[in-house]
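Note that chain A is present in both complexes that follow, paired respectively with chain B and with chain C.
Showing the complex of A and B:
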């Protein structure tokens, strides 16, 4: 009985916190975002633009990510949040150290400025009672190619460009208001 | 039971927490050690060596035993969680490009693995810029100013650029210690006017910078001083003289203008533009009443009583007048009384009548006139107004006697002159020579002249 009381006392509250609905991302953009963007983020974007040897022969093939995510009206913060998280997941072995550093700066700085209170889950965790369907070879191959494509410097470069464009859109909208 | 278990759990937890915060030494002994002051301060410098930044920390108390103490920075770093600072004498130094430059980082003082004290510091708020350099002073003679220029390494940086800095230029005369003058500017050029500096003096100038706007922090170190000497400004020495001269000339001009305005009508205008005098007024001015009541009239009759003297006879005239004045003055007064008592009117004298004064007898010309030679005699004929002024005007003895004829002999004797009015008109008659006779014409006036002649002869006989 004694150890049961401990479980209830010290175990339930954290569990409650975890089980609280966290799917919604409440992001509040910092009021100094314009200064941070002009003094810090733009330095990183300019440094990445100077790396013209990377992605010089990129093809404008549409990635699934951009098909599902775009910087539409009233969805800018959500797009930025997902874009920087995608950026962090990309394999950085294909890029130079300087490129990776600048990309990480952009992702971290964006997350700080967005000031999101909870993380947005992109995938639902699989339930224990359901049996995962077996993927066919074709589907596996497709996923591999998709992942390879997302890790390419071209995708990362495009992702960074989309992040910069979306930031400009947010700040222009903030100036108008 | 559940409640009891919960209570015991809370007590054990509190005990552990309290024991952890007490001064529990590593050797297990409980000691009431005085806590050392591990307060510290840090500053950062961005892009000092290429893309790398630096972080420098030091304890505020220099007496702190920092033998086993280390500094560590965590949070908001790129690619790593924490970084350790290296110890350099009494300071702790870190050079890296991993600073995120956004948000607060946590800097802690560690004693081994134990964190003694920590601070949340934003790297961009403790920035210390690099010192400016290459300070130069150029003199522009035409503009009479000194142009100060300097350079800073932040002109080529990405984060803390030159637009994010404010510069402080300090200058002083070398002899004036601690009398620095400061000027703040956002660019790298400053102009100092020569007139605001002492001439022929040696100056020292230096510059420092501080971040502004998004970046905050501390003043940089001073740049190396630059020394320059101001020139001997002759213009400045002459300026007081020129100023004085200009002021004096201006005042004199003003005074001239004022005097010209004041004296224009009375003095200047008559000289510059003299007005034509009125002939009547001028004549009146010229013919002002004399002091001695002379007749101012051009009527010839008023001058019959006046003695007429030639230029040569002035001296004789003066003597005779003096003599006659003494002799005749009482008789004249008597005649005046008779005239006034008889109510006689004075006859009007024609202008052609000659008047011969006693003064003329001493000369040849008058003698010839007395002998009857009229042609030889040419006495001046002076008109007379017939007023008694003519006789009274000359107090010195120029007496006019109407119709009076005097022989040479009478000049040496005391003459008793009858009243002039009773003598009547006296005219010259060209009778034979040797007869100093003046006869009157056949008219009532001639009767008067005869009476005058008779009277004169009787007067002469009496003598």
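Showing the complex of A and C:
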């Protein structure tokens, strides 16, 4: 019994200390983000807005990404980081070159402004002694459909809109307090 | 069932129509599109969503429902309708119901036919209209530099401003766009002029992208009151003086021409021999002086010569002079009496 209590007293705190960096944000928004937003990001956003022929008939897709990620209070930076990473993963072949150039500029500039360290990564909770279940054929099919949807111009356009909205929210609150 | 082409033609992107199947050629209320809802957030204090209630063929109280996408909040019906001629024409939402950075979904519904509805998704951060700027203040930075400053009842860093100014001599406004800061510097001003300034603001670009400007602020003035141009001085300077000058010059020309026409020419010595050869001594014809002018130059009075002589010493009366009659008359006019001088005894 002494060995059990010893393990709990001296084992768990170090585990918390190890897991703490994964739970906290390692991104720090640049203090001059408003100027960069106005001079660089807005130019790209406006250029994308002018491409109205793209996604003019978009249906309201319910992508899993937006179900799991949103620019909620105190989660703005986290959302932006995930959104630009998702943007980079999207297949560019469905879009025009100019569209892809503007999207690339937005994602790179956002990452620079977020000033995230290399330690920031998606970390799943440790699953000790747990075996990952194999995906069924139907689940694989769903994942494939989801991937196809996320590569569509409509999803990319919506992703960019959400990135812009989240930036607006951050900048509004940046000098408010 | 969605009809994207119809939606696109009517400019109702994001609208969702439910159409009932009708025989071709017939038209019913359910096939008519619902009016578009237009929302504005005024200074982030309240929001008005309005629609054209007269677009319906029959006056109908349309209902409005709203919710925020990806939010746990339930669908809510408008709690404060706006009316136009006793028909619902809008909805007023208070500050606590406004979340600028969540997608706002508004649904307009026909009460008698619930399937007839239209849904719109709006970005409220692009629909914010701030109140007009206030407390406009002018400050002299230097002898000719002027600084205009103002305040807003909204976060200033979220706004961009448009400054207009003109002097009392200008006919149109001069504009200057100012980003986020609440001041504007005019580098050189003329102290002789009177300036007017005014400012308007909009929610752009850092916190949203609204294209609508606020109302204009109350104007503020700077400069001399005396320099203000009034219509009478303008009439004097721009009209009367030039006309008067022209009239004076024209009158001088006319007088000169009249004098040239009426006054005789001064004969030149070159043509003196013409007086003898051509005009046979007729001076008036040669000189060009008119007959009337010649006659008018003749003397029209006569003067009798009066000889005055001394009285001889032997007392002779002076009755006749050695030359005859004492006075010689040159004209039939009455001659003045001649006086004699009597010697002293």
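Note that the second predicted complex is superposed on the first by the 137 of 177 C-alpha atoms of A that agree within 3 Å, B and C clash if a C-alpha of one lies under 4 Å from a C-alpha of the other, contacts with A are read in each partner's own complex, and residues count from 1 in each chain.
Following the convention adopted for this analysis, a residue touches a chain if its C-beta (ideal position, glycine included) is under 8 Å from a C-beta of that chain, and two chains touch if they have at least 3 such contacts.
Quantities reported herein were computed from a predicted structural model and do not represent experimental measurements.
*Asks:* Of the partners chain B and chain C, which touch A:39 in the superposed model: first, second, both, neither?
*Replies:* In the superposed model, A:39 contacts chain B only, not chain C.
*Asks:* Just chain B (first), just chain C (second), both, or neither: which does A:142 touch?
*Replies:* It touches nothing on chain B or chain C.
*Asks:* Contacts for A:168 in the overlay, against chain B (first) and chain C (second): which applies, first, second, both or neither?
*Replies:* second
*Asks:* Now for A:101: first (chain B), second (chain C), both, or neither, which partner does it touch?
*Replies:* In the superposition, A:101 contacts chain B only.
*Asks:* Once chain A of both complexes is superposed, is A:66 in touch with chain B (first), chain C (second), both, or neither?
*Replies:* second
*Asks:* Could you pull out which residues of chain A sit against chain B in one structure and against chain C in the other?
*Replies:* Correct list for chain A: 38.
*Asks:* Quick check on the complex: what are the chain B residues that touch chain A?
*Replies:* 1-2, 5-6, 9, 76, 78-79, 97, 100-103, 158-159, 164, 213-215
*Asks:* Sort out for me which residues of chain A touch chain C in the complex.
*Replies:* Residue list for chain A touching chain C: 34, 37-38, 42, 56-57, 59-60, 66-67, 70-71, 161, 165-166, 168-169, 171-172, 174-176.
*Asks:* What residues of chain A sit close enough to touch chain B in their complex?
*Replies:* 1-2, 5-6, 9, 32, 35-36, 38-40, 43, 46-47, 100-101, 104-105, 108-109, 112-113
*Asks:* For chain C, which residues count as touching chain A in their complex?
*Replies:* 2, 4, 8, 13-14, 70, 100-101, 121, 123, 125, 155, 157-158, 179-180, 205-209
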